[in-house]
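Pasting the structures here.
Shared between the two complexes below is subunit A, which has subunit B as its partner in the first and subunit C in the second.
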Partner chain A sequence: MAILKKITGSFHMALLLVCSTVFLSAQTSVTREYQVKAAFIFNFTQFVEWPENSFSGNQSPLIIGVLGQNPFGSFLEETVLGEKMNGHPLIVKYYNNVEEVKSCHILFVNLPETNKEEEVNAALKGRSILTVSDAPGFMQAGGMIRFFTKNNKIQFQINLEATKYANLVISSKLLRLAEIFTSGKK
Partner chain B sequence: MAQVNDTIQAVSALKKLSLEELMNIEVTSVSMRPEKLTEVASAVQVISGEEMRRSGVTRLPEALRLASNVQVAQANSHDWAITARGFNGLPSAGGILANKLLVMIDGRSVYNPLFGGVYWDVQNAMLSNIDHIEVVSGPGGTLWGANAVNGVINIISKSARETQGVFASATGGSLLQDQVEVRYGFRLDSTIFCRVYGQRFDQKNTTMASGKSALDAWNMTQGGFRMDYYPSKKSTLSLQGDLYSGVENSLAKVNNTNGQNAVAHFTHLFSNESDIHVKVYFDRTWRTTPNSAKPFFYELNTYDIDVQHRFPIGSRQSILWGGAYRLQQDKTAGSFIPKNRDMPLLSCFVQDEITLAPERLKMTIGSKFFNNVFSGFEVQPSARLALTPNKKHTIWSSVSRAVRIPSRFDSDITVTPVKFRSEKVIAYELGYRTRPVDQLLLSFSTFYNKYNDLRSLDSTSNTQFPIILANSQAAESWGLEFSATFQVNGAWRLRGGYTHFEKHIYPVSTKVLPVSVAFEGVDSKNQFMLQSILDLPGTIQLDLVSRYIDALPAIAANIPGVPAYFTFDIRLARQLNPFEISLVGQNLLEDEHAETGSSKIPRSFYGKLTWQF
Partner chain C sequence: MLFKDLPIQKKLMGVIILISGIVLLVTCAAFFTYEVFTFRQTTTRQLSTLGEIIATNSTAALVFDDQKNANEILAALKAERHITLAGLYNKEGKLFAQYPAATLPGAFPPLPGKEGYRFENSYLLGFQPVTQGGKHLGTLYLKSDMNAMYERLWLYSGITVLVIIVSFLLAYVLSKALQKRISIPILSLAETAKAISDRQDYSVRATKLSNDELGALTDALNQMLTQIQKQNLEITSFNQQLEQKVTERTNELQLANKELESFTYSVSHDLRAPLRGINSYTKILEEDYVDKLDNDGKKIIEVILRSSKRMGELIDDLLAFSRLGRKEVTRNDIHMDALVKGVTDDFMLISVKNNIEINIQPLLPAVGDQALVKQVWVNLISNAIKYAGKKTKTLIEIGSYPKENRNVYYVKDNGVGFDMKYYAKLFGVFQRLHSNEEFEGTGVGLAITHRIIQKHHGEVWAESKLNEGATFYFSLQTI
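Up next, the complex of A and B:
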């Protein structure tokens, strides 16, 4: 009996351990990097001007989309919760593929397959969506903002041609801090 | 406490940061709660790990120079005199009389009850393990404990999660002869992170006024570990420990030092407004001078348990309260009576943060109460008011009382009918912080301190004890601290500060010997610091730290002063991933200069190769 009890006991322990590990890895997977990137994205809403017609009304939401895998956990939602840009409440939507992207203002692109970015940017071309990613080839693929890490700190590049084409006005403050990407460079 | 709420507060704190601040966050950092410096109601300055790295400093005491509200003077190759708001002791004492600053490394107090100060030579945290250093000038007695009379320094390490992978460095130079650092961080599973590290350095001699070598070369070997366990989203458990052993020359004498410590922290968040923090530690420090004529021996064992709990009352009050028990046991040789002593310390505190007007006006009142073997029951109350008319400005003010409890030196060297009492200060502070534009943070603080029962050397008619230590001095001090951080652009950051300090120490008894004034402190009136951190194209870094320290005035013919000095350090580095090569020149302006004590600090150079992946 004692042995049986011992075995079931250790079995329970192991089960508990497995469950908690699975649970926890889901809970703690948002790294500091993406917490900070979420804060950057929130900041972008305050320094970018979208054309009037990209909103259906004065109170209609400003939509932040995450395309592909969501690296932010619930962090991005928590960050923009209750926040507004010129009266437009900020909300977060998640998309699996680019076809699902309807009304959207900022789109964070995080696709598992590489070389998909070009298709995405082509599909969104001409729409007033600020595309953001940290994929290495994102700027060459026509993306607008790319995060990169330098000395453990997050910096970003902006592609002005692309934002201009999308009728987005980027505040000079944002530009001052960004590395400006021109298609010839990097 | 700074680390307590990082996960929960991360959302609200991060999103309040400006873009410049976001661009300055080290993303490998999890433990650092982004500081809302504009809202802190005290004269706090923060030195980040990155600012330390870019300054080129090699020893922890040197790193403190990067906060302009602290006075750091190097006495010789291995000793420093460090204080905030003056009272740095007699220059020739080499720092051993500076006794009004509380210093903690990850919550472990390194303030020493033997003479009431810090043995800086054995505080050799590996600098790349440090997340940030908070330097608070002004009393911190309500929250932090006894002896935080003029300031508190909190040295906070990175979690093991932030130091994953391999880090190694090798340094060779003219004063720092050699230093090797190795660190390896790994994870046991998705919730347990660990690191182990080791370092060894040899530091060369400084010179004496006569031009001869001060024969004060030293070395230290240190190793340690840290483990961070995140059992749930709301709980954190960390365990860490260090071992060190060193050999120091002082002319013909050789001191041996060694020590061990282990610290456990447990934090649990009940909600955004409520949490509990438990800290337990053990610390042993030991030193001896075996071959001197009067053998000196000292061993101190410290056991500490500390619990803090925070909870709200209604929507406008946040209570923080806690209790602690610390037992210190020492063994000494020489003139201490008794030779071995147990020093239990029992303390509790309560603090209420009251929001008088939401997001505008906040008041914090509280007090610490404790009982110690030297002076019995003590009270350290404080009241702080912070007015934040809008997010760009904070005006704050405070009144607080703090005590320095007697050290073994004060209490147990001369046994007289008059018991040595604690030293007391009442401090009045007024400060203003502003962020006129996102790139610029300015901070001003002024203070007026009134001290009573300060230590004095009194003459007596007793032939057996012609001179005794007594509490027969009082003092007033006042000053201004200014600091600024300016992010010129993405590649260039400037930070600096200026401190002006005045004091007047006076006897309250006719028996006080004139030397007593200098015994408490000979301090410079003005000091200035400027740090420049510049990224150049091609992964080149060009960094500069310059500082001016006003003269330490001569008190009498037999107590000469130290002349004012200005000097600067330059660091040039290039990243060649995964390597970094840096060349550093320190104290470049003059061949050598004196800061305090009898030694002169020479101009020095070193080269360093760092490997990280």
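Up next, the complex of A and C:
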């Protein structure tokens, strides 16, 4: 793992993917899936704008949080290591429950119990936190981005009403790739 | 036809058209070059702008590894029909998306090249890095054909050709109209000069059409004409004066000549009567009183008779000479051969010498007074016989040859000849180069010869060396 860290510390993400394939070939395909998702989460930071007041200063970190069980292992940390978004260094934090979430910019929600997502989203409502999850009912529960697999490719849905409400600006480039989710209310 | 031999109007037009043509061509060439240069610059800028837009749009597709979306973005290039090829490489340098979709990957460079655009084989192609937040995500490859430029250049060529044709026509029409301002004064001047030299009419004056150098030339020509006219007038009046003087002098001379001739005639005529008296009475004295005279007396009578006979001959010659002055010359064809034959035959008959050989060449015919010309032959042949000298054989050659528009006749002998230093006296009246004791004669023969030939507008001359014979020549008009 020490070697892996060294490599990821200075190499591109794709190289890391190749390397991880070599070194982690013993691991299950679920881990491979989360490697891609980790990269996606990192890439979201490049196409989403947070309001100025969500950062305490110019150098203050952009926090990526994982709520609940961590499916990435150390992968997410390795991905964002040394990376920056507009001068904000990226760091990863792990939370067990939503009350622990204080200052956060992206939150990956991975709770084992179902129907908890609505609770979480309600708790975070009005805060500029981009919520991301795999959970099938996540969008209906007021979540912002949901990963899903189609044609053996990982894709994502975006809920624009939610992001707008949270004062987050999603780049049109990102929207072009995403499936836009609209709530049944309309 | 060489340019320098062309009429001045064509020269002027030629120069104008040539200059405007060259100026047009140079302008069009410069315009063309500028157009090509600007068009290449513009095309490069447009392609690089397009590249930047596509590159910016494809960042998300690259990072989220969305090939389909990337292809869609590139497919938007369809709107720009000059883009023949576009490819998106990911950051590993692998072809990730392409346009048109059906293109074989072999058509693309295997690896992205250096950033920037360049012209290659009538294509404009280049690589544009795709970055997001300062991170290199991949490379965009664009290839555009230059058909747009060629279409435009063709259009410009057409316009240029049209402009050149129209300009040429315009230059032709304008030069044809404007060259007249220069050429017409020159041509009118040239016409005037030609009219003057053709008709020799120096009263003509050139019309001044402008105040430039041509105007000055016209003035100068007119001044020259005035001077020539003035001088001509002076020359004419001088000529008239001269002619008048000549006529006066000629009349005077003719009068004097006539007086002189009538004087000579009357003198010679009047001298004959007393001479006849002397002669007859001396003869009576000789016949009737011969017994009463001693030998000295008889000798004296002989001397008187000889002297009076000689005086008679002198008077006859003088009369003949003076008659010649008054005689009108007739002009007939003369057959010289027959004429000379008659003369020489007469001489051979009466000659006391028998060692004479006369060689007559065929003679050219001439025009003149037969009797007078015969007299010339008689004089010259008799001279040749007379001055044969003491030679054992007298050789006389008679011949003729044409010279210029005259026929020249000659009589050549091998006699005593004469010294050329006395030539000036040769044809004078009563001038003799030999004493009477040596050769008898009155010294009128050659003077008469000279006079006759002069009356025929011919010439007479002689060549000789003392004791080496003499040749006498005379020329007459041909038939």
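Rule of thumb we're sticking to: the second predicted complex is superposed on the first by the 154 of 186 C-alpha atoms of A that agree within 3 Å, B and C clash if a C-alpha of one lies under 4 Å from a C-alpha of the other, contacts with A are read in each partner's own complex, and residues count from 1 in each chain.
Everything below uses one rule, namely that a residue touches a chain if its C-beta (ideal position, glycine included) is under 8 Å from a C-beta of that chain, and two chains touch if they have at least 3 such contacts.
Just so you know, these numbers come straight off a predicted model, no measurement behind them.
Enquirer: Subunit B or subunit C: which reaches more residues on subunit A?
Expert: The partner that reaches more residues of subunit A in the superposed model: B.
Enquirer: In the overlaid three-chain picture, which partner chain does A:M85 touch, first (subunit B) or second (subunit C), both, or neither?
Expert: The answer is second: A:M85 touches subunit C but not subunit B.
Enquirer: With the two complexes superposed on chain A, say which partner A:F75 touches: subunit B (first), subunit C (second), both, or neither.
Expert: In the superposition, A:F75 touches subunit B alone.
Enquirer: I'd like to know which partner A:N110 touches here: subunit B for first, subunit C for second, both or neither.
Expert: neither
Enquirer: Between subunit B (first) and subunit C (second), which, if any, makes contact with A:N167: first, second, both or neither?
Expert: In the superposition, A:N167 touches no partner, neither subunit B nor subunit C.
Enquirer: Scan A:Q140 for contacts with subunit B and subunit C and give back first, second, both or neither.
Expert: Once the two structures are laid over each other on A, A:Q140 reaches no partner at all.
Enquirer: Of the partners subunit B and subunit C, which touch A:R32 in the superposed model: first, second, both, neither?
Expert: first
Enquirer: What part of subunit A is shared between its subunit B contacts and its subunit C contacts?
Expert: Overlap of subunit B and subunit C footprints on subunit A: residues 40, 43, 47, 173-174, 176-177.
Enquirer: Where on subunit A is subunit B touching in the complex?
Expert: Going through subunit A, the ones touching subunit B are 20-21, 24-25, 27-28, 31-33, 35-36, 38-40, 42-43, 47, 75, 78-79, 83, 149, 151-155, 173-174, 176-179.
Enquirer: Going by the contact rule set out above, which residues of subunit C touch subunit A in the complex?
Expert: Where subunit C meets subunit A, its residues are 56-57, 59-61, 63-64, 66, 69, 90-92, 132-133.
Enquirer: Give the list of subunit B residues in touch with subunit A in this complex.
Expert: Residues 10-11, 14-15, 17-20, 22-30, 50, 162, 189-191, 230-233, 438, 489-490, 535, 575 of subunit B touch subunit A in their complex.
Enquirer: Across the complex, what residues on subunit A touch subunit C?
Expert: 12, 14, 40, 43, 46-47, 85-86, 171, 173-174, 176-177
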